[in-house]
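Quick one: the structure is below, and I'll ask about it shortly.
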Amino acid sequence: MSTPSIQLGDYIVIQRQKYTKLQKFGSLDTTATLGKETLELKSLLDQPYGSTFKMCVKETKPGKRGAQRQHALELCSETELRSTRELLGISSSGADNRDICDDGEAQALKPSDIEQLREECNGSSKIIEKLVENSKTFHARTEYSQEKYLRKKEKKYFEFVQIRQPTIRLMVDIFYRQDAEKIMGIRVDTLSQIISYSGVCGFGSYLLYESGTNGLLPAAMLNSIGAGTEGTLVHMHPGNVPQKQALLALKLPLEQQQRCVSVNLYSVLREFYQGGESKESDVPPTEPSEVETQEAQPETPTEEQPESIEPSTKKPKLDDNQNGSKGPLRWQLENKKAAALMHAKFDSLVLAAKEHPTNILEALLPLVKPSRPVVVFGTCKELLQETYMELKATGKVTGLHLTSNWLRTYQILPNRTHPEVNMSGNSGYLLTGYTLK
Amino acid sequence: MSFLKPKTHIEKGDVVILYLSVSSMHAIEAVPEIVNKKGETIPHIFQTNYGSLKVENIIGVEYGSRVELSKGWAHVLQPTPELWTQTLPHRTQIIYTPDISMILHQLEVRPGAVVVESGTGSGSLSHYFLRALKPTGQLHTFDFHEARADQAREEFRRHGLSDFVTVYHRDVCNLGFTDDLDGKADAVFLDLPAPDLAVPHAFKALKLSGGRFCSFSPCIEQSQRCIQELTKLGFNEIVSMEVLQQESVIKTRTLPVIDLEFLKQPKSNDAPTNSEESKASKEVKKYLTSSNPQVLPGHTGFLTFATLPPNIPKA
Amino acid sequence: MSTPSIQLGDYIVIQRQKYTKLQKFGSLDTTATLGKETLELKSLLDQPYGSTFKMCVKETKPGKRGAQRQHALELCSETELRSTRELLGISSSGADNRDICDDGEAQALKPSDIEQLREECNGSSKIIEKLVENSKTFHARTEYSQEKYLRKKEKKYFEFVQIRQPTIRLMVDIFYRQDAEKIMGIRVDTLSQIISYSGVCGFGSYLLYESGTNGLLPAAMLNSIGAGTEGTLVHMHPGNVPQKQALLALKLPLEQQQRCVSVNLYSVLREFYQGGESKESDVPPTEPSEVETQEAQPETPTEEQPESIEPSTKKPKLDDNQNGSKGPLRWQLENKKAAALMHAKFDSLVLAAKEHPTNILEALLPLVKPSRPVVVFGTCKELLQETYMELKATGKVTGLHLTSNWLRTYQILPNRTHPEVNMSGNSGYLLTGYTLK
Amino acid sequence: MSFLKPKTHIEKGDVVILYLSVSSMHAIEAVPEIVNKKGETIPHIFQTNYGSLKVENIIGVEYGSRVELSKGWAHVLQPTPELWTQTLPHRTQIIYTPDISMILHQLEVRPGAVVVESGTGSGSLSHYFLRALKPTGQLHTFDFHEARADQAREEFRRHGLSDFVTVYHRDVCNLGFTDDLDGKADAVFLDLPAPDLAVPHAFKALKLSGGRFCSFSPCIEQSQRCIQELTKLGFNEIVSMEVLQQESVIKTRTLPVIDLEFLKQPKSNDAPTNSEESKASKEVKKYLTSSNPQVLPGHTGFLTFATLPPNIPKA
């Protein structure tokens, strides 16, 4: 299996040190923005995923907050990536910081000097070398403090980016860091547990209702269903068109993509309850207006894609109608597919709703076979406590557990091992159980 | 055979979870007869706190049904790796669902993946790997304890999972993961007292196109040495973390509301005073609330993850 | 300053390895129970606190769950306390546990053999030596596993106890471990923060309402007020007599004890509002009946002392009336003292109520000076959220914070460092703020 | 002088907390005039996000009062060590109230205690020690950074705490806590990069009747070395812990309640359908709930506590 190469139309992950970003490589003219840097992506085409590129300054424009730089990207070799520390060959360091007076004047270079350096030197190591040379306190600092300083500067002036293929693992990190609310606050540990507790795998038929996670939840479930398997997913959502960014970014084989059926909650339930009446070619005249109505409802989350990541927001909508107006519309076919799976019942239910879950559970629980997992995600504990009591009272679900998580990352370095100073505060809550007959 | 895929009815030979309560469940084999200590074949009667179950009676029953015990009832559930882990007799220290979920996620295990695991231990984690990688992937699991390897192999067979797993009895720290696996693995998982000794073998087993690595260690020193070794061999994206799950115990709490306003006024000399006070004291407010159990898991282990980047020459 | 010695009437802390227990040394005949062992305490008299004693078996009676042993205590020297491991001189150990089959038959000694050994050998090291000799697997175990085995056995057969003087630190550990509910679930970290946030110290006048913590909260506050200072504490409680065990155990100087005024909440509020009418000698005839009424109220927690720790439950009640029936009763004098302090207003308020806090706060907040801390402890988060909103709405308290804590202890041993496997799940919640004018 | 004891009115020279909001407060000195950079005496005007305060106006005002700013208002509070810590310009890494509370508790600091502290740092922790041990105890605080020691000494003087504290400029790892303190301390607190070097000095400084010890270290290796040293010298009751405080952010959440029942019935052909749906969608439920802030403190430091038992010979 050779490493796949970067193609037009791909979503790519751009990594600069620890910073990662999801970007659509839509055309050869596509540029990506990393802070004040703009990157031209055209040289990525056909290069293997995992490659590292050097940012080469082409142009500097004055921007609102300092200079805005445009860069071309040049494929570079591993040997160029030696650590800045080695390049600089720093040796002398103080034993502790008792002699350091932080009077804010330790750096002799002025900001304007540094800006000029930046344009002159093509390479972060040179800039950092100059900064170190002009720092009055650097050599009096402890080794630890020197490293901290170098890391900080390296981060600012680091000129390499790596291009990686999107995976669920990379995307949940990006989404959660950029705007956790856009994925309903589903943290990595919680996502991993949704996959476990729901039992989603290469066999079986799965039901998901989510009210907007940039496609992360359906993507993670379809990823676990796998390519070339018999598993299927019905993905219900409250909006006009589903959020699918993460799903598209995975670039799954078509046969796998087609085993994810994305449908509007209202519309598919009507199809399910009343589908027998309106036969295949018999397009119910009210449906389109219903979709419109839902789009206008302010309470139900819409499918807004973050502009910065996916500029052509409305594209999936056009795709939806590409079958033309002759036969049944795509959403109608999907509704029929979903309704058939609903009648056959599901092997688990995952619910991640921005709405109150009670009514949704009431509608969807009967579609789940007995002895199957139910997983309800929420960020409001009080609400899930209530749902717990309600489910317990029905007697239809057993083994109920309400859980949340602590996730701590560690810095493990010789003589400097400790949990990271900051941690994420909210994992959300999972209510899990098993259906009964 | 009840671990392969979702099924609706209990067949003879299935492992079935007999679910009595959140804290009491058993994994039983749905066979009508068993052989007792004397070598006699006798009807399979399973004893619980709520009386006995004639196991023959559950064959053919739909999963999720309620079944009668001699002194109560229970539900029969199809086993999942989660339920299996909870019913496991603790043959070795096992890893639980929160850590396992993170391991599967970070190792990017999905159908088709080739995963190397050491040690097999109770096979609890293996069941999760198998669920995630079947029907197109393969698990290679190693244990240095022969009886344990044999037991796991037999268990996977009974669970209908043999096609997707190879069990090895082997000391991987000294002998590695066999040459056959060189460059074959998408992911390697280590749960060993000295993971650093197995890191070079993990390095060899991972594909040339790269792969993911995880080591689970109870003590920080093991992680420290493991990370040193990983760094030396060119692994990157090295992160260590802990995942701790908290259960919320949900209950309704009733709080008395006391009235203190009446104390500002002199008491009238009649009886009403007392009844007034006790009436005030009887007012209550109810809260649906939750708290952690008194004792929580405070530590399970440190999870260290790393990536082997593509195209690192393997000497 | 010489080490104080153990006196009759003292509360003492008995420590056996990590197990600690609070015990009143009421008379020379007092015995203490540690699991199946009964200890005669008479030899403690006049020995310095901190001393270690050896448990010498005097008699073995058959008990409900195995033999019950009665021990005399013998003062012993430090040299007797060498580690059991050294005494046994264990050396050979396996590299790992691959060759161990745990078939439950590793120990050749039968339980009856062990019981006999126990009576024959006076010393845990001898018993453990025999156990090791008769274990088939001990020498095949890893060093780690051997140590674990020895620690477990040592714990069971360890024959030394140390006698320590009670402090807040030792008592909160004992109380929380024995029955956290009896101190309202106030964990060590939370107690420490109540002391900080309330600002209680050697200057000022403090107000506490608590509905039953074995005296721990008033003891901790009075401990922080200190001996020979000018600080005072009004300790309100809902019961007939205050719970004072921890307060008595501290054995504070009389002058310090007298600066803690313990009063019934209802009774002192009536005194405060209406005290002007009923003059000093004028005993209000209804008060005693009121006290009775409160005792009968099932909702208000009573002053029950845990029987195992303080058998003479009703003693403080007798003390209360020791002034005789001539002058005003002690509780009436205390009410007057408290009411005077209430009129002068307080320098902070601490509330730890089993009742709903709203009405209590409404009654007590006006007694606090402006710019002073308020600390409300509770175990029900929803309740404190509500209280937070109520306080915020009044505008009388600012800087409101609702907090809870994670407390993790670590095992730090060479090559075996990790957080302890179990942790306490509930710290309770603190709602803190500062009063405004 | 506003740190000595609770007081009711602002006096000239007091440090006052100007409280604007939970996240915005300032410690200001209540003096009517200050000297500017040019050496001129000018009226003391303090600038805030809500406009300026003429500081002269708050002298004589009762603590807890509301004071007017040119574009809003604020409250004036008497400083406590907690508020002081929050308003401190971060001169060094400081320890916050949850850790400090545990330190005071475990060191059993109460009025009359003699406490040795190193390093002084910003003096934040010193203020807590002083509150707890005054008026009858004494704090001996050491820092190897001369300017910091001088600054702290001056600050304690201005805060009215000089009588209870001695500030030393001294490298305690190499030179110890001075012979004068041998056998004088009830408790020793270390916040040093190499606490193990100072443990023998702590041992000397503690009373012959025993005492308590605490070391605060960000990294686990520091604690490991410290514990080795403590064990060697005969300390017991050695425990290490972390305290992490979580703030709850309280808010009311409004959730839409959607109706799905109506979908079971065929739509009538009239307009009402739409209005029916939108009506159903407009039903909401409110919850008073709380969550952690997005980012929590994940680590402050490891607290290691130990007891020096009585009568250990100090040879």
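Which chain is which? They are A, B, C and D, in the order written, and residues in each are numbered from 1.
Going forward, contacts are C-beta pairs under 8 Å (C-beta built on N, C-alpha and C of every residue); 3 or more make two chains touch, one makes a residue touch a chain.
Given the structure is predicted, the values throughout are model-derived calculations rather than measurements.
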Could you check which of C-D, A-B or B-C has the same interface as A-D, with more than half of the contact pairs identical by residue number?
B-C
Which chain pair is joined by more contacting C-beta pairs, C-D or A-D?
C-D
Roughly how far is chain B from chain C, centre to centre by C-alpha average, rounded to an integer in Å?
37
Using CA atom averages as chain centres, what separation in Å is found between chain A and chain B?
27
For chain A, residue numbers touching 2 or more other chains are 381-382, 406, 408-409, 417
On chain D, where are the residues touching two or more other chains?
220, 242, 246, 288-289, 302
Touch graph across the chains, line, ring, star, complete or other?
ring
Every touching chain pair, please?
A-B, A-D, B-C, C-D
Which residues of chain A touch chain B in their complex?
1-3, 48, 50, 167-169, 188-189, 191-193, 195-197, 199, 201-204, 223-229, 347, 369-373, 381-382, 385-386, 388-389, 398-410, 412, 414, 417, 429, 434-437
In their shared complex, at which residues does chain A touch chain D?
96, 98, 101, 180, 238, 265-266, 269-270, 273-274, 277, 286, 289-290, 293-294, 297, 299-300, 354-356, 358-360, 362-363, 379-383, 408-409, 415-426
With touch defined as at the start, can you tell me which chain B residues reach chain A in the complex?
4-6, 8, 19, 22, 62-66, 75-78, 80-83, 97-98, 100-102, 104-106, 108, 110-112, 128, 131-132, 134-136, 207, 209-210, 220, 223-224, 227-228, 239-248, 250, 288-290, 302, 304, 309-311
Flag every residue of chain B that touches chain C in the complex, lowest number first.
144-145, 147, 193, 218-221, 242, 246, 253, 255-261, 263-264, 266-267, 273-274, 277-278, 281-282, 284-285, 287-289, 291-302
